[in-house]
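In what follows, chain A forms one complex with chain B and a second complex with chain C.
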Partner chain A sequence: MTAFLIASLVLVAALAFGTTDPLGNPRFGFNLDNIAAMADPAYRVVLLRSLGYAVLTCAICLVVAYPVAYAIALHGGRFKNLLIAAIVVPFFANYLVRMYGWSVVLSDDGPLLKALRSAGLADETTKILQTGGGVIAGLVYGFIVFMIIPLYAALERMDTSLIEAGRDLYGGPLRTFFFVTLPATRQGAAAGCVLVLLPAMGDFVSAQLMGGPDQIMIGNLIQDKFFQGQNWPLGSALTMLMMAVLFVGMIGYLRRARKDEAEAVR
Partner chain B sequence: MTLRPATPATFRPARRTAPRPAVAKTKTVRRHRRGTDRKPRFAIAVTVLFFALLYVPIGVVILFSFNAQKSLTVFKDFSLRWYSDFFHDDALIASLGMSLRVSLVAMAGSMILGVALALGLVRSRSRLGSLAGLIMLVPLITPEIVTGVAAMLLFKGMGITLSTGTVMLAEITFSISYVTVILRSRIAALNPETEEAAMDLGASRWQALRLVTLPALLPSILASSVLVFALVFDDFVLAYFTTGVDPQPLSVRIYSAIRFGVEPTINAVGTLMLAGSIGLIALALFIPRLFGRRGGLDLLSGK
Partner chain C sequence: MSRRSLLRTGAAAALGLTAAGCGFTTADPVASKSPDEPIKVRPDGDLVYFNWADFVDPAVFAGFEKEYGVKVIQSNFDSMEGMVAKLNAGNRYDIIFPTAKWAQRLAAGNRLRKIDHTRLRHAESVFGRYDYFADPWYDKDSAHTVPFTMYKTGIGWRKDKIGDDLTGSWDDLWNNRARGKVFVLDDRDEVLGMAALKLGLDIATENENDLARITDTLHSLRPRLRGFSSDSYNNLLNGNAAMTQAWSGDMAAMLGQAKDPSVFGFETAKEGAPVNSDCYAIPVNAPHPGTAMLFIDYMLRPENVKKNIEYIGYPMPVGGSEDTYAAIVEPFPECLVQATDLKDDLYFRNGTSKGEQARDTAWTHVKAG
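Coming up: the complex of A and B.
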């Protein structure tokens, strides 16, 4: 099975250098056309959009997940496990069904916009679906649990007397959070960011259901090259491009993590 | 000359103004001190809002699966028509059957291979073993679309027609990673001396494994197999890339249905799937407790 994994990944890498014959069948070879095609500004736009959406998703997840994990880990009392289970369990339910329910909630005459309109926060023309915001909302809903869990674990492990010390030293709640809690749990936050970034980057369902034709992400391009376009080598090349971008991020994360570990040992 | 109380009088207001900021300060300090055990209102507010947004979409799907009308915004009368539509839709039933078969096979396959692999990885100290252990983590840290594309290319490259079998194979490969990760930590936590003691008492290596090690691992094995079943049943991306034409897994069917317009039957199917997977995950969390282990949450957080 390990061999299966390696073989399949090597094949993607190899096919990225392949070509298609006139019948549309993939042919192996050593050809840089697909790599050169990556320079196409159209791909660059999609790649940058994917990266931007993924990073924004990650940031929103971080901002939302911190208070949630904080409230549960430090003030959840005996309901701690129950609350975390209540967050985790729905995330293991079908991704498509959840995404579909979310798109109904965010739709133009859905409950959320209706509530916002009656509160005077939105007007008739306000849209969430079919915008970039819709795609990001979908990604956040889809992957925020990957942020909450590591943050919760980090906050639970954290020595809470540090927070008390911060308060004793006249730190306000915000100052204590930014100078004590945040640094103490930054490894959990970093792990959460990686866990959100990876699937958000490759997702194609959110852009399809919440975005629309002008919001496509790199996942949609890859899917299109394999299913509609029948240009597998180009699809493979795009997959490798995405992996390369993620890999650079991962290396940064791993080096940082190793440094943190070394500091902790010292 | 009499000393007039003028001087103290002039001092007094000065003395009174000087401590005033100090008083104000101690007040804020005291508030902060109390703050350590005071509920963080902001965080709790965010949490409440988060839970609402987490469950509203799920609630919408469940609610409108019982709607008599086709509308997704107005709930009219209670009706089970979409459920009956689903049970009369042969194609959807075939998809359900296929998803169930794939999940069962993946559960069994990944369990046998996963247990063997986890045991091998923990016991072997060779460099090849730790390399294999690292590679097993690859599917967990690559976007699923990459795993899907890679598996599809491998099958096509070997000239295998995509079918139910290819989905099973791909799902097994993927789920082994979960099983191995969960079981490795459990095996590492086991006391190796119990197995050695069994062998000292005359048990063969295999008997020791079967009578001592496996029963100790049973809760984790059961919990992770339920988890694998639920994950594989719900999986979309990998199934999407490795499935043949007919029948398609249920999640792939749902995907094409929601892409081409809204069909309320999907609400019924979705509700059934939600109920099924939430029940299974709850079961997986509950199993370790059944065996007297504390909490099952470490299963999901990987602690």
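Coming up: the complex of A and C.
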């Protein structure tokens, strides 16, 4: 399995130095044109926008997912598995179809804006789709399950006597949460952040269905290279660039995880 | 969402997993037969069919299976690039449906079998009536292809939102009444081509100065633009778009879904409407080319042409089918593809590698802003 993953990665990396033949087929080679093409400021703007959206998505997922995971893990009782299933099962449906359904709900003549208008909370000019908020809403909806599950696992594993100890030491609920529960589950939170950040950064569906001309993400440009320009080599080069950016985040996570493990052993 | 746009959106992930790994492995294109060897028109096995999803009426498949005692084994592609990647990877299909531009590429790469039209009983209804297709630019003498559908690009709009006094020009997309509610197709050639026509330039220009002018023109559209989307009819139906660049076939399909079709309009621009067509083609490594020939002939029978036109909403260049399509698009007569539209010849053609890259860069600048 690992061999397949590495082989496909090597192929993508090698193709980044390739060319396109007159029939539009990609060919391996040793030229730096695609690397040079990435210096175009348009890519920098879109890459930074994608990173910003992904980080914001991560933060929102963390804030929304934590209470959900907390409630299920510590107060779910015999319904724990059922509640987790209720969260996970909808995610078995095809991501594209779910996002498309979401875009219909949020459309200008869709049920949400109609309800808001009739309640006087929105007017004819209010829109959700084709805004940055719409894209981030799509990303949060698409990937929040990847935050809930590791947080739930961390909270499940946590020694709850620590919370009781915190209270015995006169810590209020908030103080106990911030100084006991949160640090004890930080590995789960970090794992959730990585699991959300990686797909959110490369996503193209949310920006395509929920975004407008100013919300294009790097995933959309890569998709275009493969499907419209038939410029697979440049698409591969952009993929490697995106992976390099994400790799920095991964290294940070791995170092932190190793440090935590070393502390736990001690 | 139109079938094509839904598939296109979902295509990249699938490509990442499958086609990307094998798109550059060159299959032996002459592994089975010479491209020029005449195909015997007879059932020689089940039909391995490769097309956009839902582009043939299921009743037509059922009739073909029953009449010839074969099965139709269907698979679908999500983009032309995806289709060619599968072919390049060595997958074997009996019948495929490339657009004109891709038919030219495949024929030039010796990937297609020759189709002897004299062996098709119903070919005369195509080539006799639509002489454009007797010797189209993409395939000399239609030696490797038979046309399947044809369509144009225009502007669809909501009369209830912005009125019906448009000018019949691509300038209408810059209409201030539709400000913030204009969509253009998420398609490089269509968008660059639209701006080229507005500026009076070659629709498929590769010239750097032309492309710079096109990019500037499209930047001027940006304040009015709500998005790039090929989901034209849903954008109109759900109110996200007051106006959108749209394919005629999608507009025809919308007529069947709209509660009140009278609030919608469709026009083609006086500066020119791009035209395109999909073709039937038989790959060189097709395992059952005889069945594929029978299938093309079966599809060209008048009753099957009628069923398919009613099912997919695209006109077909088959003599005698014109009234069927005209009845479907009666509110949008500009969906009709006339002989004059074909003669205008505003097809997107294949460019040079350098030219394609220049257009690709221009498209990136248009999309990234």
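In the analysis below, the second predicted complex is superposed on the first by the 242 of 266 C-alpha atoms of A that agree within 3 Å, B and C clash if a C-alpha of one lies under 4 Å from a C-alpha of the other, contacts with A are read in each partner's own complex, and residues count from 1 in each chain.
Convention: contacts are C-beta pairs under 8 Å (C-beta built on N, C-alpha and C of every residue); 3 or more make two chains touch, one makes a residue touch a chain.
Keep in mind that what you see is a predicted model, and the values were worked out from it rather than measured.
Engineer: Give one word, clash or fit, describing how chain B and chain C relate on chain A after superposing.
Structural biologist: After superposition on chain A, chain B vs chain C: clash.
Engineer: Look at A:173 in the shared chain and tell me whether it touches chain B only, chain C only, both, or neither; answer first, second, both or neither.
Structural biologist: first
Engineer: Quick check for you: in the superposed arrangement, does A:149 touch first (chain B), second (chain C), both or neither?
Structural biologist: Touch status of A:149: first partner only.
Engineer: Between chain B (first) and chain C (second), which does A:130 come into contact with in this model arrangement: first, second, both, or neither?
Structural biologist: In the superposition, A:130 touches chain C alone.
Engineer: Touch test for A:8: chain B only (first), chain C only (second), both, or neither?
Structural biologist: both
Engineer: On the A-aligned overlay, A:224 touches which partner chain: chain B = first, chain C = second, or both, or neither?
Structural biologist: So A:224 only meets chain C here.
Engineer: Looking at A:253, would you say it contacts chain B, chain C, both, or neither? Reply first, second, both or neither.
Structural biologist: neither
Engineer: Under the stated touch criterion, name the partner, chain B or chain C, that contacts more residues in chain A.
Structural biologist: Greater contact footprint in residues on chain A: B.
Engineer: Just chain B (first), just chain C (second), both, or neither: which does A:110 touch?
Structural biologist: both
Engineer: Which of 77-85, 185-193, 257-265 or 275-283 in chain B clashes with chain C after superposition?
Structural biologist: Looking at 77-85, 185-193, 257-265 or 275-283, the stretch of chain B that collides with chain C is 257-265.
Engineer: For chain A, which residues belong to both interfaces, chain B and chain C?
Structural biologist: In chain A, residues 7-8, 11-12, 15, 94, 96, 100, 104, 107, 109-110, 204-205, 208-209, 219, 222-223, 226, 232 are touched by chain B and also by chain C.
Engineer: Please give the residue numbers of chain C that touch chain A in the complex, ascending.
Structural biologist: 1, 6, 8-12, 15, 20-21, 23-24, 26, 79, 81-82, 84, 88, 105, 108-109, 186-189, 222, 225-229, 234, 238-240, 350, 352-353, 356-357, 359-361, 363-365, 367-369
Engineer: Quick one: in the complex, what on chain A touches chain B?
Structural biologist: Chain A residues touching chain B: 1-2, 4-9, 11-12, 15, 64, 66-68, 70-72, 74-75, 81, 84-90, 92-98, 100-102, 104-105, 107, 109-111, 141, 149-150, 152-153, 163-164, 167-168, 170-173, 194, 198-199, 201-205, 208-209, 219, 222-223, 226, 232, 235-236, 239, 242-243, 246, 250.
Engineer: What part of chain B is in contact with chain A in the complex they form?
Structural biologist: Residues 29, 32-33, 35-36, 39-40, 42-44, 46-47, 50-51, 53-61, 64, 72-73, 113, 117, 132, 135-136, 138-139, 141-147, 149-154, 157, 169, 172-173, 176, 227, 230-231, 234, 236, 241, 251, 254-255, 258-259, 266, 270, 273-274, 277-278, 281-282, 285, 295, 297, 300-301, 303 of chain B touch chain A in their complex.
Engineer: Which residues of chain A touch chain C in the complex?
Structural biologist: Listed in rising order, the residues are 7-8, 11-12, 15, 18-28, 37, 40, 42-43, 45-46, 94, 96, 100, 104, 107-110, 129-130, 204-205, 208-209, 211-214, 216, 219-232, 234.
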